[in-house]
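Below: a set of structures, written as structure tokens.
The following pair of complexes shares a single chain, chain A, combined with chain B in the former and chain C in the latter.
Right after this comes the complex of A and B.
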């Protein structure tokens, strides 16, 4: 019997665990939360100027392997993400671990199920498998909706932490579901609970858009929990990038973006999406935009000049962050605070 | 109608398509203007406009574009997405058209290569702009392809000749736009010659051959130009050492070279070039590498 593990990203560990525990007969090792120790491990064995998600995932993999995992799952994407797995496998094998690494997305942005089946033959029924795939998709969809709601309302809560507590409870309940109806029921209950959370009166409404590279945006450790920070300041936050968008909506939308836009071609990874979202945010009258990426993220670097041009055109302040494993929190906080103060001053 | 002048920036694509363009446009009777060889001044120009974290090769390319600004009617910037599923390019190649469009005013002569469009399809779309008929264009295309093939064969022959010569030989593995650039690969070439080392270049071999050989080293690599580069390593078994040449901070090289170096048995040197003007560090590293080669 093997032990399966996967890299950590935000709270998406819950649906992944849910899926794996139902379609595999093997044990599942839940990856430990990302800490500074994880980062240190990751960056110690990584090449010098690789982008940061490599270091995060490598660190988590080492920690999972230490806990006894022997099958690792890695995702890929449209840029450098797609080639992570081969180098990571090599680095870990050089370190002396023995394991199997399964890459879900190849270079070409497609999940190759046939390849997956070859690497990992499933013993359970196909119908059963499809059911849980569907449930996981729905779960991610509801989670993203709830997260969206939280980001826009957490800043007005009266007792600090009420939204976070509710979300935690919801995730706990979602782990136990077996039907789509139950899942929907949980979603609606918690949505109405959240709508009833006591709120402070709204004095000034400041909205900030969050765009950038996907891993840095979705993993709170990688962005120093910027959403919570901005919410604590009393700002609403809007973020387009989430798993639902990336997996199910992106493909259709990109085609539409290209039709009526000043960008002629796809720019790789999420660069085009981010430029489009910048324009959308500007048009909707958001007060500020924060662009976050891991350091050396090539597609985002190419997108930055265009984002800057747009924000100048619409006169919206923009702040660029390049997050690395060595980013000191103090410097980060100073910049965020200055930006927030500036937004408040502009508004009054 | 006046004859149009087309500007060709001496960076990135020039080192892959330069010979083809030269003969193609010569046959079409169109004048070409080249930007000069890369100098410190052009690098500085590029760095001034590009975002800080952009790779040096792209900064240099932008420097060349800024030189051509206003000196020609069109500047030729192809956009290459992928040749097929396993032969993609770096994301900078994808964004190059829109970046140039953002920074410069000169109209851009642009064709696109992806899974559904090859070089000829791309050029055919330009035929109205170039003012030639379809037949003429296809003829020019075939003529230029033939010329390009001859040059490539000549280069390959010279490589094999060098390989059989006496003396220490080193294979320089990199993208063509790094090896032959006067700022990145130029100083390296000179230093190797000063130290009586014979350099072989990964891009002078036939790409069909090296591309297929890349499988020996990496199973899943899907970047065309990286595959072409590392494929030369199994081809040159006789060389004494290998130099990996990269620019700071090249996204592909950071992963690919690290992967290849981990299974390397020969002496190797990993050089990362940045836009500093002093070359003393380079000298020291090359000299110590040469010492190492001479001892082995």
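Right after this comes the complex of A and C.
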């Protein structure tokens, strides 16, 4: 009997655990939450000039291995992150761990369950397996919808933390579902609960768009919880990038972007999507855009001049962040504060 | 008795304090080195300034130690330095369009349109081309950093020095010195490289529209000022209070605050203590900083979960 583990990203650990616990008969080691210690461990064994998601996931892998895991799951990406699982495997093997590493996502947006099956002959029925795959997909879909709602409404809550508490409760309940009906029911219950959360009166509405590299955007530890920060300032936040978008919508949309957009080629990873989203945010009248990437993220570096050009055309202020393991929180907060002050001044 | 307001800008290298009245006239100001101890620097600054005949009605803090000092002084305004600089400058020069600011460890550019901040940028990863770099090179060349600008002005033929990275600039400088360039040409080259670095790294993609004002500690360096004018091909204005603008801005913000109370500054008699500690309650292991005033716990900074 082996023990399976996976890296952390935001609250997506819940659906992954849900899926694995139903289709595998093995034990699952829930990876510990990402802390400063995780990052320290990850950076210690990583090349210095590798992007931060590598360091975060490597740190989590080591922590899971220490807890007894011997099968690790990694998700690739559409940039050089797609090769990272091989490098991570090598680093971890050099450290003396013995394990099997499975890369689940190939070429950025194709889930290859067959990879998992090959490495991992399943003993349970195919139908059962497909059912839980479907449920997981739905769960991610509902989670993303709820998150989207929270980002746009959390800034108006009267008692701080109401939305976060509701989301936590919802995730807890979602862990126990066995049918799509029950899942939908939970989603609708919590959506209506969230709609009833008492709100402050809206004095002026300021909306900020968040774009950038996927891991830095989706893992609060990697972006200093910027969504909460902006919400605390009273700003609504819009973020297009989430797992539903990346795995199920991106492929179709990119084809459309390539036809109707001024860029006729792909830039790797989500660079094209981000440029397109910049224009969409500008056209929708958002007050500001924040672009976040991990240091040394090549596709996003390629996208930055185009984002700057577009925002100048539409006269929307844009703020660029490059998050590294050693980014000082003080400097980050100073820039965010100044950006928020600026948006407020522009609006009044 | 008239009202007055105190603004303190606690930067990485220097601490600036300024006292203004309701009409924003400067009553008193001081400029001292922080020397890595913001609390001691603020205590010294408060002893140096005077406000006899005035009643202190508001305190504002800005700069990298704004939270800590704001807490100690019970300030009614704690603002980031970008907003503070813009507010200060706009009060004294309402028509300015671009603010260039080079400080001890950071450099920023603020673009102004219709009297409002419309865009800004700040150096992100690297401190090349800031005051700290200039003063360390001044030490290497054995020239007083205050005389640096005047020496640079005597040069007719500045050498080219790599502008990108502090370490490479330094090795370039050593190389130029070893092959026999005169000192003033090297110093002028350094000043020029600061300007080029700033324009290439901080101002990239920004439109620098006149009138331009140059501030921060480095604005006192005449060499850097000269090369800014030369390279931008337009006059760049330097205010004699340029180094105080952050403190002035935050003092002005304090005077605009609706809630005002009377302050007394008896900091010298108080003892402050800060205690660093790692929280063991969860795996986040936040680095907590507890601040005590006369053995009484004021606040705890640094927790991520909001427990303190």
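The rule we apply is simple: the second predicted complex is superposed on the first by the 338 of 348 C-alpha atoms of A that agree within 3 Å, B and C clash if a C-alpha of one lies under 4 Å from a C-alpha of the other, contacts with A are read in each partner's own complex, and residues count from 1 in each chain.
As a working rule, a contact is a pair of C-beta atoms (placed from the backbone, for glycine too) under 8 Å apart; a residue touches a chain by one contact, two chains touch by 3 or more.
Keep in mind that this is a model prediction, so the values were computed, not measured.
The superposition on chain A brings chain B alongside chain C with room for both. By the touch criterion stated above, A:346 is placed in contact with chain C alone, chain B being left untouched. When the shared chain is aligned, no partner comes close enough to touch A:258: not chain B, not chain C. Aligning the two complexes via chain A yields an angle of 80° at the C-alpha centre of chain A, spanning the centres of chain B and chain C, rounded to a multiple of 10.
In the superposition on chain A, contact of A:49 is made with chain B only, not with chain C. Of the two partner chains placed by superposition, only chain C is touched by A:337; chain B is not. In the superposition on chain A, A:303 contacts chain B only, with no contact to chain C.
By the touch criterion defined above, A:86 lies against chain B but remains apart from chain C after alignment on the C-alpha atoms of chain A.
By the touch criterion stated above, A:322 is placed in contact with chain B and with chain C alike.
When the two structures are aligned on the shared chain, A:33 is found in touch with chain C, with no touch to chain B. More residues of chain A lie in touch with B than with the remaining chain of the pair chain B and chain C.
After superposing the two complexes on their shared chain, the closest approach between C-alpha atoms of chain B and chain C is 6 Å.
Chain A uses residues 295, 305, 322 to touch chain B in one structure and chain C in the other. Interface residues of chain B, counted against chain A in their complex, comprise 51, 53-55, 79, 81, 85-86, 88, 90-92, 94-95, 97-99, 101-103, 110, 112, 218-223, 248-252, 254-256, 258-259, 262-263.
Residues 64, 79-83, 106, 116-120, 122, 124-125, 205, 283-285 of chain C are the ones that touch chain A when the two sit in their complex.
Listed in rising order, the residues of chain A touching chain B in the complex are 47-51, 54, 78-80, 82-87, 90-91, 94, 103, 106-108, 263-269, 271, 295-296, 298-299, 301-306, 309, 322.
Contact residues on chain A toward chain C in their complex (touch as defined above): 32-33, 35-37, 295, 305, 308, 312, 317, 320, 322, 324, 330-331, 333-335, 337-339, 341-342, 345-346.
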